[in-house]
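The first chain written gets the first letter, and so on, giving A, B, C, D, E, F, G and H; residue counts start at 1 in each chain.
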Amino acid sequence: MMEKTSPRYEVCLAGSGGQGMILAGIILAEAAAIYDDLNAVQTQSYGPAARGGASRTEIIISTEVIHYPKIIKANLLLTMSQEACDKYFFDLRPDGQLVVDTEFVSRIPSSSAIALPITQIARKVTGKAITANIVALGVIGGASGIVSKKALIDAVTSRAPKDTVEINLKALEAGWNSVVTAEPSSAT
Amino acid sequence: MGSREYHSAYEYLRPSKKFPHLWCPGCGIGIVMGAIIRAIDTLSLDKDRVAIVSGIGCTARMPVYMDFNTMHTTHGRALAFATGLALARPDMTVITVMGDGDALAIGGNHFIHAARRNMGITAVIVNNQIYGMTGGQVSPTTPAGKRASTAPFGNIDKPFPVADLAVAAGAAFFARSTGYHSHELERYVRIGIETPGFAVIEAISHCHTTYGRLNKLGGAVEMMRYIKSNSITQRAAEKLPPEETSDKFVRGIFHHDTDRPDYYTLYRDILEEAGGLDLADQRINGIVSA
Amino acid sequence: MSTSQLVQGNEASAAGAIMAGCRFFGGYPITPSTDIAEYMARKLPEVGGVFIQMEDEIASIASIIGASVGGVKAMTATSGPGFSLMQENIGYAAMVEVPCVIVNVMRLGPSTGRPTSPSQGDVMQARWGSHGDHPIIALTPSNVEECFTLTVRAFNLSERYRTPVIVLIDEIVGHMREKIHYPDPSEVKVIDRLSPTEPPEWYKPYGSTPSNVPPLAPFGTGYRYHMTGLHHDEAGFPTGRVDEIAPWSNRVFRKIKDNVEHIVQYDTDGIEDARTVIVAYGSVARASSEALRIARTRRRKVGLLRLKTLWPFPTRVVADACRDARRVIVPEMNLGQIAIEVERIVGDRKVRRVNRIDGEMITPQQILNAMEN
Amino acid sequence: MTKDQQEDSHNKAPERTRLPKGRVIVYGKWCKECGICVAFCPRDVLGTASDGSIVVVKPEECTACRWCELHCPDFAIVVKKLDTESD
Amino acid sequence: MGSREYHSAYEYLRPSKKFPHLWCPGCGIGIVMGAIIRAIDTLSLDKDRVAIVSGIGCTARMPVYMDFNTMHTTHGRALAFATGLALARPDMTVITVMGDGDALAIGGNHFIHAARRNMGITAVIVNNQIYGMTGGQVSPTTPAGKRASTAPFGNIDKPFPVADLAVAAGAAFFARSTGYHSHELERYVRIGIETPGFAVIEAISHCHTTYGRLNKLGGAVEMMRYIKSNSITQRAAEKLPPEETSDKFVRGIFHHDTDRPDYYTLYRDILEEAGGLDLADQRINGIVSA
Amino acid sequence: MSTSQLVQGNEASAAGAIMAGCRFFGGYPITPSTDIAEYMARKLPEVGGVFIQMEDEIASIASIIGASVGGVKAMTATSGPGFSLMQENIGYAAMVEVPCVIVNVMRLGPSTGRPTSPSQGDVMQARWGSHGDHPIIALTPSNVEECFTLTVRAFNLSERYRTPVIVLIDEIVGHMREKIHYPDPSEVKVIDRLSPTEPPEWYKPYGSTPSNVPPLAPFGTGYRYHMTGLHHDEAGFPTGRVDEIAPWSNRVFRKIKDNVEHIVQYDTDGIEDARTVIVAYGSVARASSEALRIARTRRRKVGLLRLKTLWPFPTRVVADACRDARRVIVPEMNLGQIAIEVERIVGDRKVRRVNRIDGEMITPQQILNAMEN
Amino acid sequence: MTKDQQEDSHNKAPERTRLPKGRVIVYGKWCKECGICVAFCPRDVLGTASDGSIVVVKPEECTACRWCELHCPDFAIVVKKLDTESD
Amino acid sequence: MMEKTSPRYEVCLAGSGGQGMILAGIILAEAAAIYDDLNAVQTQSYGPAARGGASRTEIIISTEVIHYPKIIKANLLLTMSQEACDKYFFDLRPDGQLVVDTEFVSRIPSSSAIALPITQIARKVTGKAITANIVALGVIGGASGIVSKKALIDAVTSRAPKDTVEINLKALEAGWNSVVTAEPSSAT
């Protein structure tokens, strides 16, 4: 994949602790780095331990060597909480793509946002709200084209506990389809 | 705390921007905090003369939320800081709140020495049998065989019998209860504060986020049930053979010595002998009334 | 283990330790280093090693020194508060010349600070944290691959020079995930300490040798000697004699000093004709590389000296790299620690410090700004 | 789910008439929806709404025993006694 | 140790330039050292496989003189170092020698944790009830009322009941004797070494140079008499009311649990489960035979 | 107390503490500092103060911080090994800005070293021993009189700037006896921390004030606030906000930096026209004075800059004193610690280090030799 | 000075004839003249010379009980059994 | 006193731990500094704690400010053990005065030494060998003239425990007389 003008693509996933944002970031990086053989760096910031509070992960994907491992201005920002959306929207570049879960984000600061009920989709498709992060991954993949679907499938398969692979792949598929069918990839 | 519109603990909290607190949904630490607050309230202590000192950990975050003189120190050292404060200010009620790791792993030495000296401190240990804050490592109270992130094959360390250790070291009071039995817990904390010298209250609590998850014990509700059904009063325990109680949370007052003077009381004798007693009393009054 | 994997810096460090032969880990959990202990708890038993969670950091460092004296390569991992607690025994390890590796995943201090925020605040502490004069080696990786390779190297240096070696990983690098390819164990160069070949009666654990690094017999192998944190003679027994104390100091400082060229590692990017040289390390070196890239698009002559060894300080390397520069930029996630050494060498007038101690990473833009004014 | 409250005699409120003895207020901003109050209220006064929030489902059953208030880890529940006796 | 021309301990000493040792004339530490050496001799242990680890203090200087694998570490940390050594080298016999301050003041935490884990270490505490090395400061075993340079008005701290503390913490063996009763002491040390797990032997000793001087108890001879006449066997003590034994040195074996496996034995199960047991055994053999 | 007496340095320091208002001492014995604890054990009860021997040095420093939070001036005393153990909590005191005084009577390290031999080996540790960036004040006396006056000053600075202050006494000075004259207590200037005057609701223990030193309310006086080693906001509560962390760092560094002129003390002897300037401190400054005396009999133009404040480093003072010198000699009983700072300021080419780490004092002759070649 | 040895039954050697059962050697270079052996020898075999050094004053009384050897803090005393039985 | 050409006079007292050399040094310094109103600095070196081993104290007495607090070359060296005598003799200046206690020092490295049975004198005069340090003090005072006899008497009186003042003064007197009558002060 990676057919951008700049070799560097910056993704930021943000939500509350417990939503699995960091795991989603790891899977995205793994899909890009291992299965699509690109370069990828994933970093994270989080509050004390496992407890609530904001949680955020940044993934840089590039065809070239990645120096700076953090976002300078994100190409894509996914937010799963209003707080995260308010706080991090300014890290998105003007032409960047915002994705929000409408279950948590009602005030959407951009008119070109992809606004989907991600967690609801998860609940509907897998019966488990905690698969929302994988749905989100599908949405990101589908919307950005930054990683191949196959790479995402492989990455999810390898990271998810054996007995949950199936539902997670369902979640991924649902996310992917929600944007690929719902609207064309906003990545230019 | 009669009938009112606001929460019974409200006047002891720091609601402005500190709540909701940082603990996980359903974490037992908040329940213990409520019990401590009610114990203080029952005793009608002057909030200005109560200090809460903690180390580091989930439990150790308690002081943030409590409207007293509060001090969040370094990991394991709460009792050492509290010792300085209690001796400098014998007019104050000094309470430490510590996790099991804070109190008994890195802080074990200060624990036994505070007990030995019978320092005028009430020490509440929130024992969730794990390191909550850092994500579920084994603690000196993790039961044998249980899993932790640093005991992936099950714990081979023997947990401390906290009551025995505290009493052997010299504590004047030791009692154990659980977050589920919050009334009882409140009462033990109250008696602890009333006891001169070093009083230890072990509050069994649950950390479903780490311990519960790693040991498949469910969420907060399931763990509270688990603790409840695995707890037993000391009286009941005495009637059972030891094997049957060894993995139970035995509740009760294990030791209560009201005769042994606390450290500062003995130190006053030294002050008297050296001729500095009046100066000491004046100094303390001076600080308070300044 | 030999396909590419997406690995966290901390985990790569732990994997490197095992590959280097580490078979004992004594530690105490602390954010952001705990992943290392957790990895060791899972993996060491598989390779016949011992993992133990000790009661605190003082006991942790003591336990690894004890294990190393028994002939087993040993490591601990911690962060600032724990690193402070380890200082007394780090000095002991230096004094008795027992190899061991201490990983410090640096978080924002001082004190409890901000446990999940990055920092490079413990660089000077690594050098000066323990009382009394003693030499030390400290390495610092900039990426996940180096977390692995520099931890292997830490063990090798530690065994070769009979000295504690500190690996300083900033939180960014420790928690960052990148693709790496673990080498086959057979490809990894592993150095073991010298064991004595002479019969026990002749063995001197602190004797003078051409390399200044006398062999170290593991306990329980027939060499019954004494080890003490007091100043000692060549046989290891306490001494108060100036003519025995001074040679010890000379030797232990020389064993590092004479080998600075071997110990020091760094890389450079375009320093030959640079008017501005950036001296950086850890994750900040990556911000520097990015700044360099941007500056070059603006046709600026800038170069980067990236340090992988912080102690012993690469004085000559810095002097050479900065000789022709008009400006030396030293960006650090602290208030200027390595900058002091750089200033000592190149003079404080040339040096621009770029610092940040608020828990955020230094950005390429900040470094670019320092080039401008 | 077994009824803990029924096994737990010292939490059992005496049988009363239908008139509520307490008014229960859940402070949504602090409540983290952990479910403790719901699970352990001896009278099943509380329940969980579809959005996860805690609601009073059987106000008339409340005995004002204050179990919920004393065990809510988030200080998010207040029970006001409704009996006529003055305090 | 049959009949011979040389001293019974000679082959275990490092006579070349280490003697006369640095202890004061008449200091009891040398007597305890003799008892340890004889216990080792009786067990016919291989000198090459015995390690003696100490912290800092007069007692902690013992390893200098003993011809084993010896390690003089930092103050209070002997057991933490020994833990690493014992786990790295379960083939060795690891003995720690510590003063009362070394073991129970600064070293208290390592003491209770080594006990809790039942670490395979024999810990000999030379309890002279004072800090000898630094010139007579109060220790956690100085009796109440006694003087020390930092307790010029008499000590107000309660001394640790060392036996209770060790047993509560989890030690497998605890015995107390005195330098005067060196035969008995030797026997306790021997049993301690034979016991798997953590064995504590408290050797009451005298420091006439500091404790004796400050408390007007005379020189070495007088203090040995004092200890002798104030000591009592556990059996005899049991027959007396507690008040009469509280200031006595009660001798005997207070606790002996040979069933509880030591730490490394439990760790072998983990090694086995993880598949690394053979590798571990090979590694150890490799070191020994290298 | 007001006739001349022959007093030991350690004792003078302890007497100074009491005169400055110290009423709490928590300590743990260690050679060569123990005299201070012993003095305090005897004297504090006479003046209504509390002496307690704690279980270790970690507890000692914790106890004095706790006492100080209670409104009582407090001190501890130790030497190298204990000083290493105190590092974590020294950082805590700096973070929470609680006044306290730590005396380190320096002995020969590293590790247990040589407990009765002198050294100046902990100078850099005093600055960098605790993790993370934090400011510190360290004073160092050269004679018994200064043991007294600088300990008084340590308390005053500590109270005035709400910071831990370290008094570094080398063993020679600590155990030396000289004639001194204790002033009448009324002659001694004693500074107490500011207490808040605003009502409790408005009180901000970490608020920004023109002096950068907000008042500190003792616990138990109606101001119920929170204190934490985490980064905190102005009210003392934990924060992760960059816009609250950065101001804290700025303020605490500024409170020292802006007052360097006030904090720094030194004296000079003939530096005006000196071609060679000696920069020295502690007992080594006395060897330097003797060397100076001898050199002058040989008509050499030499001067001495004697530092009484080591941290914050008197950068300007050193720069001024050495500006016209052709050679700067820095004699130290370590391997060159303050020398690093001097080199940073005057360039390493000018500087001649004279070092000794064998437990013997530097002699005037060694310093004279450094003038020659 | 009370005779400690007489109060101390388990140190008491059985009564024998005048023939010494042990030969006691004090190693002067290590002996610090603390007096422990002198004070506690159950047979008063040892004594202190005017210069402080330890001397064997009643060799014939020695029972070879080895109390002195086992309690000398300085490892400065050796007792050689003189009985004829081989070992 | 202090009628020397150089204002600085260096004394070194050395022996074994327990002989009271350090206390003697303190009293000498106190006599000079407090009672004779000169300047004096006393320092010491010693092994671990109270146990045997070498013990040594240095006293610098001067009419001027004392910079260097240690001996450069001693004007007077008193040794109470052979070991100390052998070890420290080279610290004595060529024209310096050696004083030895003949009970402990048999090999005397100087022909101009004042060799006296100091401990024996103590035993004889006071019945207590531990007063030898005070006898030595008298010897030093008498031999050097560096402090006045009155100053020494005052210093001993103030430092000695009440009930031992008398015997200590006797010891001092005996020491002083042993040189002042036995031979003229060797101080030039």
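One rule holds in what follows: a residue touches a chain if its C-beta (ideal position, glycine included) is under 8 Å from a C-beta of that chain, and two chains touch if they have at least 3 such contacts.
Computed from a predicted structure; not experimentally measured.
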Query - Intersection of the contact lists for chain E and chain G - result: none
**Report entry** Steps needed, at fewest, to go from chain B to chain G via touching chains
**Finding:** 2
Report task. Considering only mean CA positions as chain centres, point out the chain farthest from chain D. Result -> H
**Report entry** Centroid spacing, where centroids are CA-atom means, of chain B and chain C in whole angstrom
**Finding:** 39
Report summary line: Cα centroid separation, chain A vs chain G, in Å, comes to 87
Query - Gap in Å, rounded to a whole number, between the CA centres of chain G and chain C - result: 59
**Report entry** chain B, residues touching no fewer than two other chains
**Finding:** 23-25, 27, 56, 72, 74, 105-106, 108-109, 113, 133-135, 140, 153, 267, 270, 273-274
Report summary line: Residues of chain G that touch two or more other chains sit at 32
Requested in this report: Would you please write down the residue numbers of chain A that are in contact with two or more other chains?
Outcome: 47-49, 52
Report summary line: Listed in rising order, the residues of chain B that touch chain F in the complex are 14, 17-18, 47-49, 51, 53, 56, 63-64, 67-74, 77, 80-89, 91-92, 109-110, 113, 267, 270-271, 273-283, 287-288, 290
Report summary line: chain F residues touching chain E in their complex are 28-31, 34, 37-38, 41-42, 45, 51, 53, 55-57, 81, 111-112
Report task. Write out the stretch or stretches of chain F touching chain C in their complex. Result -> 58, 79-81, 83-85, 87-88, 91-92, 94-96, 106, 108-114, 117, 119, 121-122, 124-125, 127-134, 228-231, 240, 242, 245-246, 249, 253, 334-335, 337, 340-341, 343-345, 347-348, 357-360
Requested in this report: Using the touch rule from the top, collect the residues of chain D that touch chain B in their complex.
Outcome: 4, 8, 27, 29-30, 32-36, 39-40, 66, 69-78, 80-81, 87
Query raised in the report: Considering the complex alone, what residue numbers of chain E touch chain G?
Result: 2-10, 13, 19-21, 23-31, 34-35, 38, 179-180, 182-183, 219-221, 224-225, 228
